[in-house]
Amino acid sequence: MLAARDLAISFGGLKAVSGVSLTVPAGKITALIGPNGAGKSTLFGLVSGFLKPDRGSVALEGREITGMKPHTICRLGMTRTFQIVQPFAQQTVRENIAVGAHLHIGGRKAALAAAEAVAQRVGLTSQLDKPAASLTVAGRKRLELARALATVPKLILLDEVLAGLNPQEVGEMIPVLRGIRDSGVTVFMIEHVMQAVMNLAEYVWVLAQGELIAQGLPTEVTRDDKVIEAYLGHGTAARLRAEAAHG
Amino acid sequence: MRSLAAIAILVVAVAALPLFVSSGVTLGFVTMVLYATLLGQAWNILGGFGGQFSFGHAVFFGTGAYAMAVLQMRFGFNAWLALPCAMALGAVAGTLLGALSFRYGLRGSYFALVTLAFAEVFRILANTFDFTGAGVGLQLPLQEGAGAMQFAGETGYLYLALALATISLLFAWWLKHSRYGAWLAAVRDNEDSAAALGVNAFRVKLAAITVSGALMAAGGAFYVQKFHYIDPHLAYGAAISVEALLSAIIGGMGTIFGPLLGAVVLHGLGELTRNSLSSAPGASLIIYGALLVLIIMFMPRGIAGLFEGKR
Amino acid sequence: MIFWIKATKKLNPPANLFMLDPAIIFASVLNGLTTGAVYALIALGLTLIYGVLHIINFAHGAALMMALYGVYFLHEKLGLDPYVSLPIMVPAMFAAGYLLYRGVIGRASHGKDENILLITLGLSIILENAALYFFKSDTLSIDTPYTLSTVNIFGAMIAVPKVVAFFGALATTVVLLLVIGKTSLGRAIRACAKERQGARLVGIDVDHVFAMSFGIGLACLGAAACFLLPAYYVNPQVGNGFVLIAFTIVVLGGMGSFVGALIGGFLIGVVESLGGLVLGESLGQIGIFVIFIVVLLFRPQGLFGARA
């Protein structure tokens, strides 16, 4: 579905992402994990057209999209959400979602109706006529998701949709995300909440300091020494193994 | 639909006004309110609906005014033909200014300052070249008759202003009920989010400033027909830019009737101060300025915000 | 600037600028530098306010106009020489700025910088028309013993008040830089400019520092008015001419950069002076606005600023 080749970008001499190549298979939930500052959001920015890579290329369904503007990429079937949620604060939930729906629907009434249907998929029906600014964090995350879904994407990039939610809210969100996948939308998500990733993702890429350090099934990745060290610090893997052996 | 009905009622009521009121002063007042509504709505389409605050809408006003005068005086155009041409030139000015500013990502205060600078450049140019009458300005020759868009009484101008203001109101209504309007509001509220949802922010803003420029130019053209005179200061001075943004902001940015409400309040206050305080220059503008500060501080959604309820 | 002079050459057949007497050009440049020093002082206040508060103070010109009236009335009613008025005008403008920020500007942003711009626009409308209402639209100037005297600088005759303004503006700038660079208030101001949340965390009263910065910004205008009036005039609209010029300088020099404002001030002073010489009074000003637009569009971080 999505293929990135050798992507790299640096900000003022600092390499944020260097030489990343990865693929996202169609119809699955793929996760991108990594410690803070690993460059995950930057990589999303590169893939979705918000940032121009210094080198490398991105292809969506085999079609080259490097250097295209975000709105063009959205038209081709890939959309994203933002880690820091960015609702159209002055508008209602319904109007917010309708903006997404308008990508394919010209009429105002039809778009508002479509917004209602999407709201149902993510569990926002009861909030439809509230102003977006009044939503809780969990509500705003759902709204981000709903707006993106309303564009009827083939591939959706989710930037930490579970971050900031309490365990109950995470629990409620997981079936929603599965439902999206089951409806045929490919999901590529950045996630911090490890347990959720274990639960959801069918394939995992691990990014640390701008480079990919591991990939595989969730169970494989969490056993990888490099991943453990990236998350918990140098030497941790050996210590954990030693403790396990002695204990 | 209710808004559309309100516009219809307004049109009928104003159209019927000359049947019941013969006072030239009253009709003149309503005419000026409608004219201010047109200017305010022109600003509102870009500033209120689109969130791009311009401090130099005089660019479009002046372009419309000079086009109207020059086309008639130097090229022998009929006024009724000159009006759409003036609007088209205002639209072109809007497109050019917008293409430059938005292409280079100017936002917020920077955009405001660049529009102001453009207005100054145009003022100086108009002040310099004989083509526009330089500092003396242009005096439209008297040629009374509906065919020349120069009316004997107030009624003709009232209808002309009503027609132009109604067009601007209908466009604002359409913005509230169309895909394009939804896109414009999305770009105003969050450009990145809008782009992620497939909205071409550049093109959406460009369209807004184009329409805004055309309507503002219509205001300039109306001014020339009503007062038969234009000079660089009237056309491109800061006063007209301020008048346009004042009625939109005080009335309520991003609302259909905000500019109308603002125009009523401003011109009503203007009349009051003229009659009560003293006719000293500056008095009414002090109040306008204070009103602007108070509205931004305490009622950022303007007078219309009171009617729309809490949001 | 080079591109602009080229363009004017095309407008004015055969090379106007070079047919002029070098002595006239020299005098024009000197004149531009003296004006530029005052411009720089005005722009310094503006750039300080922007650098610290991230506010574009549109009322800057109106505040200058008020300061000029202050100097005028101190001279007319109390017989104070403009230069003697310095110790009155500077603190007075500082206090006005401090209170204005505390009372109005600081409360009005609602988190959007456009709102501040509109508030300061509203303030400038109020001030300008209050001046019109109370002082009428007459253009006023003062008569001092040295108004008409000149000094000879390498053959160029420059008015004494302009020379005083040049050195006075430079001296004020040095004082300002010392205040920002060496005092504890200056340290707090710099801290707030860099990282307001961090400054708040280490116990700096950010709102106080903001109000102080705004006050200092207007205090610069108090000084500028004292240096300006002997060679200039005042009327209710006088600030308008300075607003866009000051913005141009600030944008040219890089928003928030003191050195940039200083160099930008001299540059604009000279451009204006030479522009007036080549193109005439009316069209001469256009160079400034064209510079402003071009810089904003193509290099919004300014000639001397780093990209934000």
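Structure notes:
Labels A, B and C are assigned to the chains in the order they are written; within every chain, residues are numbered from 1.
The criterion applied here is as follows: contacts are C-beta pairs under 8 Å (C-beta built on N, C-alpha and C of every residue); 3 or more make two chains touch, one makes a residue touch a chain.
Quick caveat: nothing in here was measured; it's all calculated off a predicted structure.
Touch-path distance (fewest steps) from subunit B to subunit C is 1. Placing every chain at the mean of its C-alpha atoms, the farthest one from subunit C is found to be A. Rounded to whole angstrom units, the spacing between the C-alpha centres of subunit B and subunit C is 32.
If you average the CA atoms of subunit A and of subunit B, the two centres end up 44 Å from each other.
We define each chain's centre as the mean of its Cα atoms; on that basis subunit A and subunit C are separated by 49 Å. Looking at subunit C, one finds that none of its residues touch two or more other chains. Put simply, subunit B touches subunit A in their complex at residues 177-179, 182-183, 185-186, 188-190, 192-201, 254, 311. If you check the complex, the residues on subunit B that touch subunit C are 53, 55, 100-101, 104, 106, 108-110, 112-114, 116-118, 120-121, 124-125, 127-128, 135, 238, 242, 245, 249, 280-283, 285-286, 288-293, 296-297, 300. Residues 48, 50, 69-72, 74-75, 79-82, 86-91, 95, 98-100, 102-103, 105-108, 111, 131, 147-148, 150-151 of subunit A touch subunit B in their complex. Those residues of subunit C that touch subunit B in the complex are listed here as 56, 104, 107-108, 110, 112-119, 121-126, 128-133, 137, 236, 240, 244, 247-248, 251, 282-283, 285-286, 289-290, 292-293, 296-298, 300.
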